[in-house]
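Let me begin by handing over the structure; questions about it come next.
All chains are identified by letter, namely A, B, C, D, E, F, G and H, in their written order; residue positions are counted from 1 within each chain.
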Amino acid sequence: MAIPLEGGRDTPFEVGGRAFRSRLMVGTGKYADPAVMVRALEASGADIVTVAVRRVNLDRAGSDDGILGRLDPKRFFLLANTAGCYTAAEAMRYARLGREAGFNDFVKLEVIGDQETLLPDVAGLLEAARALVQEGFHVLAYTNDDLVTALRLEDAGVAAVMPLASPIGSGLGLLNPYSIRLLKQRLHVPVVVDAGVGTASDACVTMEQGVDGLLMNTALAAARDPVAMGHAMRLAVAAGRMAFLAGRMPRREVAVPSSPLEGMLD
Amino acid sequence: MAIPLEGGRDTPFEVGGRAFRSRLMVGTGKYADPAVMVRALEASGADIVTVAVRRVNLDRAGSDDGILGRLDPKRFFLLANTAGCYTAAEAMRYARLGREAGFNDFVKLEVIGDQETLLPDVAGLLEAARALVQEGFHVLAYTNDDLVTALRLEDAGVAAVMPLASPIGSGLGLLNPYSIRLLKQRLHVPVVVDAGVGTASDACVTMEQGVDGLLMNTALAAARDPVAMGHAMRLAVAAGRMAFLAGRMPRREVAVPSSPLEGMLD
Amino acid sequence: MAIPLEGGRDTPFEVGGRAFRSRLMVGTGKYADPAVMVRALEASGADIVTVAVRRVNLDRAGSDDGILGRLDPKRFFLLANTAGCYTAAEAMRYARLGREAGFNDFVKLEVIGDQETLLPDVAGLLEAARALVQEGFHVLAYTNDDLVTALRLEDAGVAAVMPLASPIGSGLGLLNPYSIRLLKQRLHVPVVVDAGVGTASDACVTMEQGVDGLLMNTALAAARDPVAMGHAMRLAVAAGRMAFLAGRMPRREVAVPSSPLEGMLD
Amino acid sequence: MAIPLEGGRDTPFEVGGRAFRSRLMVGTGKYADPAVMVRALEASGADIVTVAVRRVNLDRAGSDDGILGRLDPKRFFLLANTAGCYTAAEAMRYARLGREAGFNDFVKLEVIGDQETLLPDVAGLLEAARALVQEGFHVLAYTNDDLVTALRLEDAGVAAVMPLASPIGSGLGLLNPYSIRLLKQRLHVPVVVDAGVGTASDACVTMEQGVDGLLMNTALAAARDPVAMGHAMRLAVAAGRMAFLAGRMPRREVAVPSSPLEGMLD
Amino acid sequence: MTDTVRVIVNGEPQAVPRGSTLLGVLRTLALDPRTVVVEHNRHIVRRPALDAVSVAPGDAIELVHFVGGG
Amino acid sequence: MTDTVRVIVNGEPQAVPRGSTLLGVLRTLALDPRTVVVEHNRHIVRRPALDAVSVAPGDAIELVHFVGGG
Amino acid sequence: MTDTVRVIVNGEPQAVPRGSTLLGVLRTLALDPRTVVVEHNRHIVRRPALDAVSVAPGDAIELVHFVGGG
Amino acid sequence: MTDTVRVIVNGEPQAVPRGSTLLGVLRTLALDPRTVVVEHNRHIVRRPALDAVSVAPGDAIELVHFVGGG
């Protein structure tokens, strides 16, 4: 079945001076089968996919274990991340290596502060963000849901603020809609919620807070059927965005009939 | 923009021996502008639309105030309701009149028990359901979220059980996901959640409980932009259904990295 | 530590023409150790405790397996239930046997409609309630959270309506605060929430809906320390009741400082 | 009525080397009537009350507008805050002035980062915390619910970490129980939730996360009856703490009867 | 004896020519029988039979159709 | 003809002396009548009457009391 | 040359007698030194020293105490 | 003096011919320079310069590329 949607309603989704069709970004980690990954990415409709920078595996020399053999850089916009970095210096090193791969000067900046929760170190994050912006990077900053940190990141010149819905890989969904709504109300740069989404309704309710986009990885990779979940997420992100733009009905604690009260028979 | 979706994944949505493409049903009440209504219905992708049975307005004789001038019965499956009826006898009278309009022998059976909340009278509902099933009706029974009543309705031979998410017109969303999930697990007839949905994420999370379909009216009619909300709801219902079929990732209280731990630089 | 509380603020808790000090009722089932049960009951401060009517175990003749050896009927008001009954007739039979034990003519009326969920059969419940009220019983009716059924029970003359928070023994807490609040707003007889409470905050939030009382069993019996949980529940019920009477502060989506804005230094 | 509670179960609540009886701290701002404030504080059972440092009002010279005329420093432990400070330097200045008032060397450290939400500036907070700890202060640090910041504060030597439940004065309750639970699991210093609690169940559910204490102001001052809400909060904090210690029953998605299945009549 | 009889149509008294059938009543009211369902003294009368049923004084006639509803 | 009759007590067959009253049945079972409610062929028999009601072969007797329940 | 000097107390200009100490300033303002903390040109002056510190023209003096706060 | 020098590639010691350039190291490891980013003693060396930079004993070389990540 095909689900056409009237166009022209939404403004384009722009980050770092580039416009993208889809407000959904997806990661490429944790898939058991690369072929399933590719189909899940396609089903999701994402333009932007994240990748990590890691050493070439010399033990498997010749057989390329990189991801570029799987992803067509003409089809997908490759967004390098700095996952696994625990200091500003380390993250900057990975960011530069990622840029050198030659696709673009965007980086999804992660500076992790705690190994168990993968929550960001906001001091290191701000330091790295400031430096990388100076070096000409478009920085998409993975952060927590703290407004003040987000404002500082905006001041630092990041291209997007990426607050988490809940910890990476947890699937706990949007734990604090209030904070995310607040961030969006106060920031001028795009807000792209990153991490924690577990299922389609999580994606939908997150977009309904008015944020500009959403990034997820495990929700697809660890679904029973990643391709079907890719479809579901594409629809859910569009649904939540459209509902936000449409303007929901007011809530009422009393019932209001849908059918006319007048015209009843005797 | 068009959002194609791979077909063939889902079983058809069947009620009363008929198959429908869309799992979303929409009501036709409370629209200020009939032209907006028609576009919102079309945007929603619904096959089944509900209508009420009311007296012809003799004061406006000639100018038809009925809805058939607006809805093409070839495009939409018209489902007559018994909204506004407070006894089994009254609901049966309206059901018969609705059937006589000649489109089909389906009825969305409402027997209201309380004027303020429009909650059903389950005793009257069961009585009317039993009688109408005997008369050959396909009864879609608007009820509360009580499992035992739902089981009795199934025993009575209804074509679908239609528990409410929250009161009609309230927009409070799915107040008790547990009860709805339970109903779906225990019933064999289709479960179509009816009433209370306010925005897209409500629709999405409701479908994720595994129910067969969803009926709404005010969520579209009272949205700031009913047509856009129609789009949103179509996507949200498909997203929730697809996510249910895809099988969501497990929730974890600890973070799990999306990028590899190995291969980090020295 | 002793926690004194100013008296005189609350109206007495009256059911069936009798006044009770505590708004907490507790069950006596499922305790591994009867001595622990007695201490948990005492810790809870409950006046009313529920008991079941069952056959004397003839295999253990002489060694009384009844509960009266454990509970002092002068200390506790014994409320017989009809747990385990699946028809109106069966429940009425148990109610009469319970009354014959000679303590009072109160009955906690249960007519179960489904073995798996122990949800009530509201048709059988109403039938039994009407008959027992005619026989002079003070009927406390275990029901679901449906307003219309509750109104019918009130019309039948029950002494209290006892909607469930969630299924018996589930510990899922108050699944639908909206429905419970609605019941309390519309009924004139006492509303005592029965079943599903799992921990102290469940009890507290339930009482904050304005209901008159709360009945629980498993929350104490299956706690790691039933006596300490008895204490906790006593405090939680009093806290929720007191907060309801005190009238909570309004919610605000913006912050409001607690300390003065003026008087800051240069 | 008096509510005695078995003693000896809980460990003492210790902060900065001092033990306190109550785990509830209350603020003294925003009361219309100082006499009501005193009675509300007494009803709350709090040992620790917070106060702000402000200029003496010279226009009302002679008539002391300070709070010491109202609060007996022998009865209450006065905890000076740095509310209204937007930089580390400013907060340190207020902390030193507060200490000079001569009661103790504790300070509730606030470094605000945003005027609209009163959310903390964690960079300034850490800077001030480190300096004040060096000066011998016992620092209770008002912070957001970010674990990494909390760990840094612990490293800095604070006496307690005080994450917010929701913004100051909002009454939105515990927006993110997951984060608070996580903080408590990972920190060794006491965790005292500060700000956002609106009613008794908010306090109860917060304590059930295992935190050591709770600080509130507006929930009492802006209640319809602050004294009654003081009572309610004292009970709710004790209830939540006791329930945490008692160990709640497991949640189950199926019902489990409270009364025996055997012994039913034929 | 007048030329009209009084019936109750949709709760309101209406004068219709003596000897009218239900179809005649619809015509009097300028209603298209294809868009209306007719209930006559609590019995539904199908379209083909509308011209075969005469109305008597005091008859209760309900003329209904579909309107927007949820 | 034997000296005992068979009755059903709490669902199980029991032999009791012919001519026993309900009170006698309780004594046979070593039960204290103050702690038991007696139902005889679906009718409740109050304590004072227990010695006035004789049992007949095949009678259904239920002896119940309060147990822990929620 | 006047008999008073102008200082800034709590942000407002105040004239105090030339040669006043901080304790004198408090007295001029009818404030009880036991209820006030004194900051003099950004340095806290403890109570015993209040009479040992003289004020000079343009000095910034902050007099603070505890007020209700959360 | 041997014909090889020891360098550290991706954390592991590797023997490469004395006088090798970075490009030579890649060839030794059978790696396509178009798929790898090279960091030499903490400095990134772009592809055109790979054949202009010689390695010395003990040099730290990191060879990285993109892998799946979130």
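Just so it is clear, a contact is a pair of C-beta atoms (placed from the backbone, for glycine too) under 8 Å apart; a residue touches a chain by one contact, two chains touch by 3 or more.
Note that the structure is predicted; figures quoted are calculated from it, not measured.
J.: Determine the set of chains touching chain A that also touch chain E.
T.: Expected: B.
J.: Going by average Cα coordinates, which chain is farthest removed from chain C?
T.: H
J.: Please work out which of B-E and B-H is bridged by more C-beta pairs in contact, and write that pair.
T.: B-E
J.: So the centre of each chain is just the mean of its C-alpha atoms; given that, what is the distance between chain E and chain F in Å?
T.: Inter-chain centre distance comes to 72 Å.
J.: Take the average of all CA coordinates in chain D, do the same for chain F, and state the distance between these two points in whole angstrom.
T.: That pair's centroid distance is 64 Å.
J.: If you average the CA atoms of chain D and of chain H, how many Å lie between those two points?
T.: The mean C-alpha positions of chain D and chain H differ by 57 Å.
J.: How far is the middle of chain A from the middle of chain D, if each middle is the mean of its Cα atoms, in Å?
T.: Chain A and chain D have C-alpha centres separated by 35 Å.
J.: Going by the contact rule already set, what residues in chain G reach two or more other chains?
T.: Chain G, residues with two or more chain partners: 11, 39, 62, 64, 67-70.
J.: Going through chain B residue by residue, note those that touch at least 2 other chains and give them in order.
T.: Each of 27, 29-30, 52, 54-55, 81, 83, 93, 116-117, 119, 168-169, 172, 178, 217-218, 253, 257-260, 263, 265 in chain B touches at least two other chains.
J.: Which bits of chain H are touching chain A when the two form their complex?
T.: Listed in rising order, the residues of chain H that touch chain A are 9-12, 29-32, 35-37, 39, 42, 44, 46, 62-70.
J.: Within the complex, which stretch of chain C touches chain G?
T.: Per the stated touch rule, the residues are 257-260, 263, 265-266.
J.: Under the stated contact criterion, what part of chain F meets chain D in this complex?
T.: That would be residues 8, 11, 39, 60, 62, 64, 67-70 of chain F.
J.: Using the touch definition up top, name the residues of chain D that touch chain A in the complex.
T.: Its residues touching chain A are 113-114, 116-117, 119-123, 126, 144, 146-149, 151-152, 166, 172, 175-176, 178-179, 182, 186.
J.: How about chain D: which of its residues touch chain C in the complex?
T.: For chain D paired with chain C, touching residues are 1-7, 9, 21, 27, 29-30, 43, 45, 52, 54-55, 57, 81, 83-84, 93-94, 116-119, 167-172, 198-201, 203-205, 208, 217-219, 221-229, 231-236, 238-240, 242-243, 245-265.
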